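Below is the structure I would like to discuss, written out as structure tokens.
Chains here go by letter, A, B and C, matching the order in which they are written, and residues are numbered from 1 within each.
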Amino acid sequence: MAETDIAQAKKAGRRKGALSVFFARAGIGTMIAVALLAIMVIVGLAEPYLPTTAAKAVASGPRRAPPSTEFIFGTDNLGRSVFARILEGIRLTFLLSAVAVFLAGVVGSIIGMAAAWYRGVVDTLIARLADILFAFPSMIFGLIVAAILGPGTLSAIVAIFFIVLPTMVRVVRGAALGIVGRDFVVAATISGASTFRILFVHVLPNVASVTVVQMAYLMSIGMIIESGLSFLGLGVQPPLSSLGVLLRENSAFMNIAPWVVLAPGAVLTLAILCVNYVGDAARSIIEPSQPRPLE
Amino acid sequence: MKHLASYMLYIAARLGLAAITVFGVASLVFFGMRLIPGTYADLFFPLATEAERAEINAQYGLDAPVFVQYVKWIGAMLQGDFGTSIVTRGPVIDEVVARLPLTLELASLALIMIAFVGFPLGVVSGMFHGSAVSQTGRHASTLLMSIPNFVLGTVFLYLFSVYSLGLKAGGWSPMSDGLLENLRHALLPSFTLSITGLGLVLATARSSVLGVMGQDHILAAVSRGLEPRAIFTRHIFRNSLIPVVTIFAIVAGYLLGGTVLVETVFSLDGVGRLLVNSIIRRDYPVVQTGVILTAAFFVLMNTIADILYGFIDPRVADRQDG
Amino acid sequence: MSEYSARIDDLVLEFGNGANAVRALDGVTLDVAAGSILGIVGESGSGKSTVGFAMGRLVPQGVFPKSGRLEVLGKQVWELDINEMRRMRTQDVRYVFQDPIATLDPTKPIGWQVANSLETPLGEAEVLSALADVGMPQPARVAASWPHELSGGMAQRVVIAMALVGRPKLIIADEATSALDASVRTRILELMREQSRKRGITLLILSHDLWAVRMFCDNIAVMYGGRVVEHGPAARVFAAPAHPYTRALLAATAGHEKPGEKLNTIPGIPPLLRGASPGCAFAPRCEFAREDVAGKQCSADRPVLDDKEPGWNLLCHHWRSLSVVNGKKGMGEDHGAA
């Protein structure tokens, strides 16, 4: 009876849901990060329909005008509104990383679960392939992808995909290994469920939380890679403006018009910072740590 | 001694694994580069006729089956022959070696800053859990990891061109022309290069110390009446090194990749910038070599970290299963 | 030297603050006779570990008793400055914890750890004799090995050796055998009894292993809801428990009382106290709880310590009426199905 009580208490705890636990534990910093992130995502999604798009055209205003009420972050060397271009930059930087990280999350989950399920040769092979991908420092891998596919948006997505994929595989494999040996999976196997069914009905829901938290983390890596490649001229190509492109194009004018670089640099840093804070908070729910300070 | 034997076996296994990984990297790069349309002849002699190209291809062995080319290429690399640069027509390895000192200096200085600033700050921040120091450490590490180095570099470029403070933003002076002048040029780029690693090591050291302090053997040490200083030096320090050593290898990766951006921002002629320029100039032999050498170096760093890891934590060598 | 190794008087200890504060000890009163072996039993959360930790003041910084006193080896624990406290931990009060392998530093060889278990390191000969004292057949080999290479039983012997080198007057074994195999468990308990008798050490065995307490302890203290509800000579308490909780505990494990049996067969869960318990903490689970016993309500009036006979006391409003009215009831027949 005592055990039933505990089981019920646990169930009630679980019913509260990850999101409510997240917000219950979040500090003021995390809340601000969540709010800013939400604003950036909404702005990014809505950007093509915003009235600011017109100001992205060349000669929308005077060249290199300092920040004013009309142009919040001033204008660039071609008289385009820096603010309007930053909004597009937010859209592209988030979108490219999100697409790549999401694809890596899906593919990585499948590969990771397969490694945990089949073990043996499959597992070893996957581990070695992951090792090879891990052996490239991420920016260097971005370079080789840009060399092979040519500079462009596709290169950025492919590079991010392969850079975050091995991490995803390892994390999912680790989480799935703990699930595969559990009673309910063994029971499902004995009752003749197909491998597909076991992995997607029984294992996936149990590794999903780890996957999502990891994706939040990898998102910031994706944004750094995307903006880095674009900064080098190997990612998004002008006239499209990701945040990295803005820094690249405008850095020549830093001395005469600092705002053209400071504004996109600050927005990029803020965006990555918010993603990292939210990722940290999400992770602390999965791995709560309770150190005990003693004298 | 049983443990020593298994440690030797562990080292051998790590080295073997590293060799396999580097081989895999080289193969991946080789076959990846084949995906680029056009042959070497098209790249070296874009104006040559069809017959001339066939001749050139035969001369370089490019008419042989891909697999034969692959074996020859690997063989040549093992003898130190990394091919010819399309742009300079000289050996690729010369191009890389000429730029290596600058890149290595930047990376070494960054690593020193990380080890002597990031690590101690992380340890202190972990020791004083719950205090303002600890919270500051946590936020500082997140901030450092969130600033892309090329953003910081660009800002430095601007700030230090306005207020010099004796430091040079952009340009280089080799060590042979005097150490002071060299450091004046190297300090800003290497600090810029270090920030991600700085944040990562700070965070790792902090959480590692926190984690170790929660372990049972620390409680046991407290229960034996040891003073905090003795507990730290005898028990916490070494245990908390375990994840930090691993993270240093990852930091080496950030540094190697970061040089590409930092050298571009500060207009420094190092290996990283050579790689970027070679991609833009379609000088594929240089790209290929640069990438393989960088990856090999990174794998070496990781292997050294693994070996140290096995030395610090005796459980590791005995636990190996493949 | 006083006749008591430890005297605890109405000790109240809380962890955390504000609304999150948890009352771990809700008025513990307990005297530990010098040189005796005392077993403290109770379910998880009953406060037995907290009593053990409190004796060496192993609590988070800034935690002080809400009220009450704790005297160990003639000294008020919370009145010592930190250096005196550390000296007491080094020389007088030593601990043996549950998971022996986790208690040892994984990155140091055994010999080093034994040598450094005091403020000033021991010589090699002392280390080897300390290991031989706890029944290690090959002390030199053990000294050269790493914690992960030892079995749980061997590691626990090492931990006991480390406890003994300080020549302590009190050893607190907190679930020291519950992570071990049944056969090893007995030998470790025998070792602790033998060594503490030989050296005149007071031994505190905190455990939920009733069998161990019955076999190896002179006295038993039963804890529930942060209080000692019954304390007396082990043999007599086991033969005729007076407190309803002790009865239920013994009844629940009677018949299948084996080494290592856990106490989890009484219906209901122990309380998590946020403040002082208004009445008897066991009342909600007690089958004898009454609303009016000689003017006392079990759920609303806190019971006070009552002497059954010299050296045997308990916390219950109506234990007297129980033993008369119910005779042998509580020994197992009637609610063995629970």
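Following the convention adopted for this analysis, contacts are C-beta pairs under 8 Å (C-beta built on N, C-alpha and C of every residue); 3 or more make two chains touch, one makes a residue touch a chain.
Owing to the predicted nature of the structure, the values given are computational and were not obtained by experimental measurement.
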item	value
Best-connected chain pair, where connection means C-beta pairs in contact	A-B
Distance-maximising chain from chain B - centres being C-alpha averages	C
Chain B and chain C: spacing of chain centres that average the CA atoms, whole Å	53
Distance between chain centroids, defined by C-alpha means - chain A, chain B (Å)	23
Of all residues in chain C, the ones touching two or more other chains	58
Multi-chain contact sites of chain B, meaning residues that touch two or more partners	219, 222
Shared interface positions of chain A, touching two or more other chains	292-295
Complex contact set, residues of chain A against chain B	29, 124, 128-129, 131-132, 135-140, 142-144, 146-148, 151, 220, 224, 227-228, 231-234, 244, 247, 251, 254-255, 258, 261-262, 265, 268-269, 272-273, 276-277, 280, 289-295
Chain B residues touching chain C - in the complex, by the definition given at the top	1-3, 215-217, 219-227, 230, 234-235, 238-239, 242, 312-315, 318
Interfacial residue positions of chain B with respect to chain A in the complex	17, 20-22, 24-25, 28-29, 32-33, 35-36, 129-130, 139, 142-143, 145-148, 150-151, 154-155, 157-158, 161, 207, 210-211, 213-214, 219, 222, 228, 252-254, 256-258, 260-261, 264-265, 275-276, 279-280, 284, 287, 291, 294-295, 298-299, 302, 322
Contact footprint of chain B on chain C as seen in their complex	56, 58, 85-91, 94-95, 97, 99, 102-108, 116-119, 144-146, 148-149, 159, 162, 166
